[in-house]
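Naming follows writing order (A, B, C and D), and every chain is counted from residue 1.
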Amino acid sequence: MPASPLILAKRFALFAALWLVLTAGALDGLPFGAAAAAAATWTSHRLLPADRDRLRLHRLPAILPRFLWGSLSGGLDVAARALRPRMPIRPGWVRYRSALPAGLPLVALGGELSLMPGTLAAGTREGDLLLHCLDVGADVVSSVAVEEQRIRGLVAP
Amino acid sequence: MIADAVTVLLIGAGLFFFVAGTVGFVRFPDVHSRLHALTKADNLGLGLVVLGAALQAPDAATVLKLVLVWLLTLAAAATVAQLLARSALEDGAP
Amino acid sequence: MTATLVYGLAGSVLVGVGLYGFAVRRHLLRQILAFNIIGSGLFLLFGALARRTPDGTSDPVPQAMIITGIVVAFAATALAEALAERYQELTGRTALEEDSKPAPPDEQESELRG
Amino acid sequence: MIASAAFDILLCLLIVTVAVGSVAARDLFGAVALYIVYGLLLAIGWVRLGAVDVGLAEGAIGAGLTGVLLLGAAARLKAAPDPPRLRIVPLLLCLAVSLGLGAAVLSLSVPQPGLVPLVQENLAASGVGNPVTAVLLNFRGWDTLVESVVLVVALVGVWALAPDDLWDGRPGAAQRVKRDAVLNTFGRLLPPVGLMVGIYIVWIGAYAPGGAFQAGTVLAAVWLLAIMAGVAEPPPVRRPLWRALLVLGPAVFLLAGLHGTLWGAFMSFAPAKAKTMIMAIEFTLTLSIAVTLAMLVLGRPRRPA
């Protein structure tokens, strides 16, 4: 499998940045950091071949505000439902046919949905994403479609 | 002084969401609804605690490290929630 | 000083809890768990006493010995678990025989050969 | 002061309650699950005692790896009927042991400097700034050397329990995980990040809490994750390279100790060289510990279920 040097370099830079965050840029740690980042890049190439660009991390800042907003409203929503005496939940299942391919893109969508208000992914069945909803009355499908677009921008199919 | 007050406020709010998530975990009727309570409320709770702790951090590196802790926990929560939801489904939970 | 007392007493109680579990429960996995509770209770007792320094810093020598102990306890747990599993494969049992009523010797032998 | 004492008391009550729950639990799975919770709570207790190195080791090894090992065992061992019984005589005996230990704690609670001044005086000569690492790898390097050998011996013991016809096999049982499933994808993403964190924990061990055992556990954990996710295969127990990895750390440790005989005595490091020696031992030991711990969790070669 031909590895793209550019993608390997990007991954190396990402791991090196992780090292700098962990060590607060300590100078005597740099040789160890370089070796660690090289080893991590090799491992990541073994596990996820660096033949195409899978993550477009430069798009992360663009979707961050909505993610934070979703986290906030998801937490508030579930806290309100849990604490109210009548506990207004209507749990149920929704199947969603996603255009995203299996593997990282679909798993990323499932993970994202599991942190957003009202939805929880439970893998796929016959290619459909199985979603557990805390309130089946809400318009789940259209909000899932919005999330799908955001993930599509971040994770290359 | 103001930073200290905001820290107390943020961490207090974070703890509130941890408690709310635990209440949901106890009250909700089935495995999958309980997973909702744990993922959403704890995600927000930890985020608020991290924010509160970041205000006390001596330098930017510590803030970044705290954010890293939050991100890794989120990734773990998002993955484990899916795995548990799947395994409960296959075990025949409604 | 309070921390030494609180955690030292908790360690003492844990040793008792683990010992009781080890004495009363028969399943080998439960005995392994109980043995680990005894061990961690002793570590806690040791670590709490390591905190008796006048300025409240923790003595590093006991800390190092406890870390060594935790790792050795894991190695022993892994070996004990492997023995328990093999014992079940060979005899079909998950608990050692009670000392008060030993199995007849010929039966024991045939089980071990099978 | 009062608030922190209240927290300690509450935490200890919780620890003891969970331990009792683990001993009294009806099913094996529940007993192991409570034991994992118990280990994590203990780790918090260690942090409260100012023993962060121990807290890391307890959380990673005592709760994490032991938990994975025993959850596997709970699935493989039959659940024989074993109702929790209340037996008066053992109860009284165990109570007596606890009371005796408690009395010892009460009688010993006089402030003692212990070995803290001695370690502080010699810290500069040890080559590292973290006193726990200095004790583990320099002042009491003997203990740690023998301990690293104990790990390998335990693994030999586990392997020796394999039936003859399975001896050549891969440790553990084969994992079947669907490609592109959630676990499979996670197992492809996390290991490189875990590798970075593991190497960071060995490196920081020279200055602050961390070190070979905690780092080795992190590396073992991500390797086990990759194996369980079906993206890596454990090597057959006969592979020479992997056997060399198992003994690399103890061997380097032993050589460093022998080198010390030139300087004065076995296991003594010249202060000028101590840092380099300790780093060389720490990194090779981390590698060996990681492989050994993971193989101890995987166990002997097994027949597919």
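The rule we apply is simple: a residue touches a chain if its C-beta (ideal position, glycine included) is under 8 Å from a C-beta of that chain, and two chains touch if they have at least 3 such contacts.
Remember, it's a predicted structure, so these values are computed and weren't measured experimentally.
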Legend entry - Between A-B and A-D, the pair joined by more C-beta contacts: A-B
Legend entry - Chain occupying the most central position, where position means C-alpha average: D
Legend entry - Centroid distance [mean C-alpha coordinates] between subunit D and subunit A, Å: 31
Inset, instruction - Would you kindly tell me how far, in whole Å, the mean C-alpha position of subunit D lies from that of subunit C? - result: 15
Inset, instruction - Please work out the Cα centroid separation of subunit A and subunit C, and write it as a whole number of Å. - result: 41
Legend entry - Numbers and ranges of subunit C residues touching at least 2 other chains: none
Legend entry - Two or more partner chains touched - positions in subunit B: 75, 79, 82, 86
Inset, instruction - For subunit A, jot down the residues that touch at least 2 other chains. - result: 18, 22, 107, 110, 123
Legend entry - Set of all touching chain pairs, with the criterion as stated earlier: A-B, A-D, B-D, C-D
Legend entry - Contacting residues of subunit C [partner subunit D, same complex]: 1-21, 23-30, 32-34, 36-37, 40-41, 43-45, 47-54, 56-68, 70-79, 81-86, 88, 93-95
Legend entry - Footprint of subunit C on subunit D - complex, ascending: 5, 8-9, 12, 15-16, 19-20, 22-23, 28, 31-32, 35, 38-39, 42, 45-46, 48-51, 53-54, 57-58, 61-62, 65-66, 69-70, 73-74, 76-80, 82, 84-85, 87, 90-91, 93-95, 97-99, 101-102, 104-106, 108-116, 119, 131-132, 134-136, 139-140, 143-144, 147, 150-151, 153-155, 157-158, 161, 211, 213, 293, 296-297, 299-300
Inset, instruction - Would you tell me which residues of subunit B are touching subunit A in their complex? - result: 16-17, 20-21, 23-24, 27-30, 32-33, 35-37, 39-41, 43-45, 47, 59, 61-62, 64-65, 68, 74-75, 77-79, 81-82, 85-86, 88-89
Legend entry - Touching residues on subunit D, where the partner in the complex is subunit A: 179-182, 185-189, 191-193, 195-197, 199-200, 203-204, 226, 231-232
Inset, instruction - Can you check the complex and tell me which residues of subunit B touch subunit D? - result: 72, 75, 79, 82-83, 86
